[in-house]
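Next up: the structures, one after another.
Look for chain A in each of the two complexes below; its partner is chain B in the first and chain C in the second.
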Partner chain A sequence: MNAGLLLLEYAVIGLALLVVALDLFCHDSDRRRQIGLVASGCLAAICAYSFLIHPEGSAFGGAYVMDPLALWFKRFFLLTGVIVMVVSTEYAKQFETGVSEYYVLQLFALTGMLFAASANHFMLLFVALELMTVTFYVLVGYMRQRVSSLEAGVKYLVLAAMSSAFLIYGIALVYGVSGTMDFTQLGNRLQADHDLTGNVVLRLGMLLLFLGLAFKLAAFPVQIWAPDVYEGAPTPTTAFLAAGSKAVGVVLLLRLMGQAAYEFALGSEKLLMIVAGLTILYGSLCALPQRNLKRMLGYSSIASAGYLLMGFAAMSASGSVAILYYMAGYLFSVLGAFAVVAVVANRAGAADVGALAGLSRRNPLMAATLTMAMVSLAGIPPLAGFFGKFLIFKSVLEQGVNYGAYYYLVGVAIFGVIVSLYYYFNVIRAVYWSKDSADLTPIEISSPLRYTLWACIGGMLWLGLYPQVVLKSAAAATALLKLPSLN
Partner chain B sequence: MQPTHIAEYLAPIILFLPLAAAVVIALFVRDDDEQSAQFSIGSVGLAFVASVTLFLLGGGRHEIGATWLDVGGLQVSFGLLIDDLSLLMLMIVTGVGLLVQIFSKGYMKGDPGYSRYFAFLSLFTFSMLGIVLADNLVMMFVFWELVGLSSYLLISFWFHKPSAADAGKKAFLTNRVGDFGFLFGILLVWAATGTLNIGELATKLAVDPHLLGAGATCAGLLLFCGAIGKSAQFPLHVWLPDAMEGPTPVSALIHAATMVAAGVYMLCRLFFLLTPDALEVIAVIGAVTSFLAALMAFQQNDIKRILAYSTLSQLGYMVMAVGIGSPNAAMYHLTTHAFFKAMLFLGAGSVIHALHHEQDIWKMGGLKSRLPGTYRTFWIGTMALCGVWPFAGFFSKDAILSSALGNGAYCAFLIGTLVAAMTAFYMTRLVLVAFGGVPRGDGVFGCHESPSVMTRPLWLLAIPSVIAGFWGIDVYLAETLPGGHGHASTWYEAMFAPINHSPLAAMFGLLAVAFGHAFARRLYANAVSDPLPLSAGLLAKIMRDRFYFDEIYAFLIRISQGALSTVADWFDRWIIAGLFVRGVSGFTDLFGRALRMLQTGNLQTYAFWLAAGIVVILFLTLPGAKGAGH
Partner chain C sequence: MNVGLEHFQIVSAVLFGIGLLGVLIRRNIFVIYMGLEMMLNAANLSLVSFSRFNNDLDGQLMVFFVITVAAAEVAVGLALLVALYRKRQSAHVEELTTLKL
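Moving on to the complex of A and B:
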């Protein structure tokens, strides 16, 4: 056992326990709220530390691996955690009770994500996922005094439990046929025995597994939960779901397709393409008439899942690099957007697009962040989102030489991008040109949040203008996958 | 390139001083009228001093520049070219500009837009100097457009007056028509030669005269289009009379002395590009403009409009001079004309100022004794414009007439002589009616001479109007431009040089003036109303209505552009906006709304869709599943 590898997980769990302990010494809710700042600070330190270490190895008999891919995603999750924690601290004014518990639960969810990044065994995969998902059940329904939050919590509970049922059924079937739960062993067996690849039961198991993970991504046809849950959940939870939970799906799919079940994945480009195309269309089209910001971002998150699946459908090294890059850009864009929405919706009492009216005068920094986030999500240069989409489209087009259907997929995706311009720019219009702003009082935000917004802007610009650093790290992280490199 | 000669340091300073003034006024001293005027006048004054310094230091050709655009094969530098031609033009623009700005200080007093006026004027000076100093066609075009812009701003300076706003628009749009041709010409030249630098072009063409090939005439004429617009030549002359809606000093500087001369200056700069065929067209256009404008001037009653048509006519004269192959004479006339026409306009401004914005000459009369300073300078200007020996106008006009004779362009010579007579006629009419006779308007009785800040510039302009003829401008230009015949060494010789050189031309010119003057004196001495409409009837009315050019253009635009815009409007409304934009977006939107129906909010429905989706996917993907169905 190689327990040193789990340092990051230990640190986050330790931090969670520290928050619980601190809670004992804080007697008024305002003090409790401040614990969030401590947690953010510590988390930021852990995050910074994660960028300094390069451990490799495995623990728990190979069930837990620490490789560049795992490390890349752990950094991603920690960064997400820091931003979400800062937003939570700002948002926590709304909670009547249980402020520090909210932080603790977030840290537990984060731990689940960190474990999922390293999962190399179906057992660990399931446990990590459940750690995260069960925590999210609580986090989504956390605003007990608000019906919409409770409703979202119940919906998430039922639907996520259903998907977990499919997932574990899939795991059972795969284990039943292959006789192993270990990814490495599964990969070896599939490589050695070609009959296994053709096995219908194994195929059924793999499909169920895929759909269970697609649920986390919010991909068609298991996307149905996203808009309602995004809308009803407390905004920091929504942000965490959008960035963190989605990334868990991404990393596990990457590991499964690139390592454990590569031979199996090879035959399923068509399925991936269809799912990707439908997801993009569903997300983009449904977002069109949407006036609720959080719901709109929910549909936008579905569309993003579609773009990510395009990268999977490419089945190439450049496709997986593009996926990682897209996720990095998505992190800054979507968290920046949710940070602003959290504060504005808090003020206005509703997350309607109309609540943004006059934001450019009430708080220019927030207006700028939201605008840049929308521009980035819409995929317009020079921001991060553009480069992410560009890389994904490029990787898919590269495959078009082998299989013409890829061109159609890009066509669908471009249609989705054009449609998305409409609803993203609707937000920008509301921020800058909306006439019906009744309330023009300035919005004050705390300085940690201000720095966070600046960081999001910086991240979007940096990724869009100097993609080299992240591209290199993404290439290093995906090098161990078995996906073919085209050039 | 590092500047090596003093000229290379001074040229950018001259160019950017007015821009700096414009920026400073616009950004910092907007609210301080006095300081605005000081900055503007100071900058153009310094530019003038620098220009004169450059001239005194002696010429030579200098070029400085830095690469500005480098796209594909197109390399455009931001370069300044200083040679005899640009130096002369520099002094005209800054010198006349300085006097006009000083005059403006009095004329615009109390105007709410005082600072704005000076900022615009500085911007104009910067743009005009840019045209003068440009060493390549792209830069010239950029400043060409900037001049158009500042002209627009200044014509519609009193934008609250609908007529002024319309006039500005008209000037801008009419100029755009010409500029379009200019730009095409530039592209054609670039396509054929691969360079846009004027010096390089000249060298290349000297080596291979057929470099431009079959498109040579076409390129020349397209470039000339720019001059047609800016120098208000027939058929784009319609904007200039309307431009008189701007403040009078603006008319003096921009629409008499400098900007409208830019077209002529450009033709002289690019004279080496023009083929004989192109020159012939240019000569015809110039002659037609000159003649028509003189005719129109006969029956105008607005003091500024008479001068405006006179400007048109004189610009036609210059263009004709270029056309008959004598750019030297054209530049010569441009220079003298700048002095006396600026003075005439400023004189008119002084009259208008004294009469509280009365511009109808039939409501004036008897101003001779009331505005003595203005009258005397106006008289000098009239003499110079008509071409009476020894005033400046005589020499430059004679240079054109004698080169017409010398180059065998007898038609041009005849028209030139005729126009000289007509000029004498309408200018005599103007002076007699406005200044002579008895007062015919109420405003005349209480009026008094303008302040010295306005009369002094008049006198300062009167000096070159008298003596610019024997300064040796033609000799100075003979080195750079063909067509000159200057060889006199002393000013005394220069005074009589035209008569010795080409007695026939000088005699015809002077006779024409005498004839025109005598005819006008017979008709208008002590007249209380215009006798011409009675005797000439319909012809006088046509002249007064300016040959109906505006009406014809308006009609043409109505039938062509009106029809086109109706079709375009229909196409945009129904096909583009209706079918493509609204149709597609409507369909997409509808689809989105329909899809949203799935999202009912009901948990049982959601669970159903989730499970159904999974089942469908499994059914479609598993090969065995389909088989099992059988």
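Moving on to the complex of A and C:
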């Protein structure tokens, strides 16, 4: 037993309890809102601490592992948590009651993500995923006075519960055939016994498992929830779903495909390629007619899931490095975008693209952040998003030598990128060139949020211009996966 | 007749299928929720029988976690459904159309 490894999880749970305790001493909702600042400060300290430590080992009989991959994603989740917490503090003005509960629930969802990054056993995988998902049901339906939020909550509830059922049934089938729930043992058994890989029940189980995880990524065919839920949920929740929930799907798929079921994953490139291509097409094409910003970002997040799946389909070391890099760039881009949307939509009462009119004069910093986020998401140099997409395309093209269908996949992806330029630049046009702006009063934002926006801009630029640091850490994190390296 | 692993698995697959069908074709949101619970219980049955026939307790343990999580899910889920019902006075999924293109 090696409980010291769980320090980051303990710290986040402790912080959640601290927030509950602080709530007792605050008597008006404005004070309660300020607790968010305390929470984001503490979370920032935890996040900074996570960059200083390099623990390795396993706990709970190998069910919980702390390796470079887990640590990389824990840092990712903590950083996401800090930014989302700052945005929540700004957004919490809208809540009539239950301000500090909103922070607490976010911290619990964060705990689920941290545990999921370390899951090396189906039991921990399931419990961590559900800790996150059940908390998200509440977070999505948090604005009880709004029908749209409740409706999004119910839709998320039904679809996420269905994906959980697929996941657990898949786990049951895999467990039944292989006789183990431990990833390491599963990997050993699949390696030792080649008949096992061809077993139909095992294949079905793995497929169901993949569906359950693909739901978190918002990949085709389990992507239907994303636009509705993104639109209806409170904006900080949407941001958390977009960055955090997607990354949970990524880390679990990486661990499953690279470590536990590597022999099995080798035969599934075709499936992954088809799913990736359809996800990109669906996300890019459906985003075109959208006028609601949050809904548009929902479709864009589906397209991003497609690009990530391309990295999985490459089945190579460079593919998984590209996935991690893409996620890092995605974090800053998407959180920056949602931070701006949260404030603007709050003012305008709706998250329409039209609400952005005149933003360049109302608040230049927010306009710049949103523009950079859109440019980065569209994949234009020199920002983070460009380099992420470039690396993913490169890793897929490398595989094209072995199997020609990879070239078609890149063709589909480039088509998706070109289509996406239209709707991303629509937003930028609204920010800078839209004439029909009724309201030109400046938008004041709190200084923590201003620093956060600067951090997002800095992150996008830094990742795009100096990718070496993150690339090196991503290579170290994915070194333990069994994926073949081409170089 | 000797009841073997296959029988349990077939029953659990049938249960899972009925639950899934319920989720997909029923229009009342509470009945959909019952379908979801049935899917989870089908997975539980499968886990328990695999556990028994594999001579390994992990499956049984997993079922405890699934039951606990399902209980939490029901608590949160029913609260959400009731809140929505109060707003809309209807439990039919066709009327959940606020969020559309």
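Here is the rule we go by: the second predicted complex is superposed on the first by the 487 of 487 C-alpha atoms of A that agree within 3 Å, B and C clash if a C-alpha of one lies under 4 Å from a C-alpha of the other, contacts with A are read in each partner's own complex, and residues count from 1 in each chain.
The criterion applied here is as follows: a contact is a pair of C-beta atoms (placed from the backbone, for glycine too) under 8 Å apart; a residue touches a chain by one contact, two chains touch by 3 or more.
This is a predicted model, so every value here is computed, not measured.
Applying the stated contact rule after C-alpha superposition, one finds that A:103 touches neither chain B nor chain C. In the superposed model, A:462 makes contact with neither chain B nor chain C. Judged by the touch definition given at the top, the superposed model places A:134 against chain C, while chain B stays out of reach. In the superposed model, A:172 lies in contact with chain C only, and not with chain B.
By the touch criterion defined above, A:419 reaches chain B but does not reach chain C. By the touch criterion stated above, A:289 is placed in contact with chain B and with chain C alike.
Contact with chain B, but none with chain C, is seen for A:211 once the two complexes are overlaid on the shared chain. After overlaying the two complexes on the shared chain, residue contacts for A:200 are found with chain B alone; chain C is out of touch.
When the two structures are aligned on the shared chain, A:158 is found in touch with chain B and with chain C. Across the two superposed structures, the residue set of chain A contacted by chain B and also by chain C is 154-155, 158, 162, 227-228, 289-290. Residues 9, 12, 16, 19-20, 23, 29, 32-33, 36, 39-40, 42-43, 46-47, 50-51, 54, 56, 58-59, 61-62, 65-66, 69, 72-73, 76-77, 80-81, 83-84, 87-88, 96, 98-99, 101 of chain C are the ones touching chain A in the complex. Across the interface of their complex, chain C is touched by residues 122-123, 126-127, 130, 134, 137-138, 141, 144, 147-148, 150-155, 157-158, 161-162, 164-165, 168-169, 171-173, 175-176, 179-181, 227-228, 231-232, 289-290, 295 of chain A. Only residues 154-155, 158-159, 162-163, 166, 200, 203-204, 207-208, 211, 220-222, 224-225, 227-228, 268, 271, 275, 282, 284-290, 419, 422 of chain A touch chain B when the two sit together in their complex. Residues 585, 588-589, 591-593, 595-596, 598-599, 601, 603, 606-607, 609-614, 616-618, 620-625 of chain B are the ones that touch chain A when the two sit in their complex.
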